[in-house]
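Some structures to go through are shown next.
You will see two complexes here that share chain A, one where it goes with chain B and one where it goes with chain C.
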Partner chain A sequence: MDDRLLAPEAVRLDEHAANRDDAIRRCGGVLVEIGAVDPAYVTAMLDREQSISTYVGAGVAIPHGTTAGKAAIRRDALAVVRFPAGVDWGGNHVTTCVAIAAQGDGHIELLADLAELLLDPERARALHEAADPDDVRRLLLSSAPN
Partner chain B sequence: MPTRSVTVGATSGLHARPAALFVAAAAAQSVPVTIRTSDKPPVPARSLLSVLALGAKHGAEVTLEADGPTADAALDALATLLARDLDSDDESPDHG
Partner chain C sequence: MTTINGAAVRKVVIACDAGMGSSAMLAGQLRRQLGKHSVAVEHTPVDTIPADADVVICHQGLAERARISAPDTIIVPIQVFIGDPAVTRVVKAVQTGGDLDG
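Let's look at the complex of A and B:
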């Protein structure tokens, strides 16, 4: 995975959200803050979640926009936003969100890498528990052979 | 054992939303179904993480396999779904 996809400032380890939509707004807000997307993308992320849950398993959700929302993407980027208190995600307990802004199909490999990481209980635990943003980045960026 | 080879029809590949729709349909079948790509071993079709880990892009050939009395019907249903462009249904709540 290209390490520019996940900037150090896009890793937030201690966020709070009242509910799922609040968590998605927080995730989208980080993508806006780092200049990856325009604010309209956040609405597209909420729309996508209405259409089908982005919960993938192992306490992780991958909020991202609809196809229509791609126009609001300035550059491909990821954000990792952790909610230590947890968020109820349509009945699933989510503590880590990997928010995705991707225009092409580069995120297929990225998702495949993330899924492989989450299928490994040790690495999944490390993602949920890492205390340093650099550890989170290393975990995600090293999951793909370069 | 009955199998079906299908070309992934979703424009952006078997990623988040198309994968979620596929996994939900697989979980609704009465027989367990596996899916594999040409370079990866079969995984349970009802495991979203396993399906995502295949990383199947648009145009990739995947193979479905199932066993049991309703295997053929299950495979036909899932193969039809996979061949569809699940992304073109993007904003339609009917399919979400």
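Let's look at the complex of A and C:
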């Protein structure tokens, strides 16, 4: 599996957030912790969310930065951050975030896989309920190039 | 209002702001669905839509900027990035040669 695009330490299964901005800060914080972005990127993620929601359906949001925020990206990476108690995302209930930092297109296959996964209720449930970070990575990296 | 026949579509552009999130997700999905029909799928910032785009798909919040950026191109606004009926119509038009308005 692709350890750089979605690293084991970038999968967090039991996080808590008081609201949407708090959840985005947590997501951005994970991208900072794994060395993918500078802290300025988190502000860009909050800005992006203000313009158009990154909610994509089935309890999943994909927070990411703006064009201007791309300068704060050190390397392309994703993080999966789950909030079991749920977060109100502009009227939608979100329990899983797939946070994105990308200057290139290497993550597009993974996102296309995510979209197909979310259209399948059984696999979507597996993403929300998987107890092991490696299971989450397997669900998302099934057809990504290694 | 502009119209194009699905069989004449050669390039679909997903227009967005940063281009790394939902538009990239939709571009990945459409590439899989339209690739076998010789249709190129790109995602670009809404202010730099390429001149050879036949159809532009974007979030409804960006539709006005897309119309200014690409005044003679079919603009298809969508509300959701997974399973939006407007995207299904584009795919169907390409697959079966139906007309698209926008």
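Quick note on the criterion: the second predicted complex is superposed on the first by the 138 of 146 C-alpha atoms of A that agree within 3 Å, B and C clash if a C-alpha of one lies under 4 Å from a C-alpha of the other, contacts with A are read in each partner's own complex, and residues count from 1 in each chain.
Rule of thumb we're sticking to: a contact is a pair of C-beta atoms (placed from the backbone, for glycine too) under 8 Å apart; a residue touches a chain by one contact, two chains touch by 3 or more.
Everything quoted here is computed from the prediction, not taken from an experiment.
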TODO: Answer with clash or fit: chain B and chain C placed together on chain A by superposition.
DONE: clash
TODO: Pick one for A:Gly65: touches chain B only (first), chain C only (second), both, or neither.
DONE: second
Open item on the list: Quick check on the superposed pair: does A:Leu31 touch chain B, chain C, both, or neither? Answer first, second, both or neither.
Closed with: neither
- [ ] Pick one for A:Arg48: touches chain B only (first), chain C only (second), both, or neither.
- [x] both
Open item on the list: So in the superposed three-chain picture, is A:Ile108 touching just chain B, just chain C, both, or none of them (first/second/both/neither)?
Closed with: both
Open item on the list: Let me test your reading of the model: by the given contact rule, A:Leu140 touches which partner, first (chain B), second (chain C), both or neither?
Closed with: neither
Open item on the list: With both complexes superposed on chain A, which partner does A:Gly57 reach: first (chain B), second (chain C), both or neither?
Closed with: both
TODO: Would you mind listing the overlap between the chain B footprint and the chain C footprint on chain A?
DONE: 48, 51-52, 54, 56-58, 62, 64, 66-67, 100, 105, 107-109, 111-116, 118-119
Open item on the list: For the complex, give me every residue of chain C touching chain A.
Closed with: 17-22, 24-29, 31-32, 45, 59, 61-62, 80-83
Task: chain A partner contacts - residues on chain B that touch it in the complex - done: 12-17, 20-21, 47-58, 87, 90-91, 93, 96
Open item on the list: Under the stated contact criterion, what part of chain A meets chain C in this complex?
Closed with: 48, 51-52, 54, 56-58, 62-67, 69-70, 100-103, 105, 107-109, 111-116, 118-119
- [ ] Spell out the residues on chain A that touch chain B in their complex, using ranges where they run on.
- [x] 47-48, 50-54, 56-58, 62, 64, 66-68, 100, 105, 107-109, 111-116, 118-119
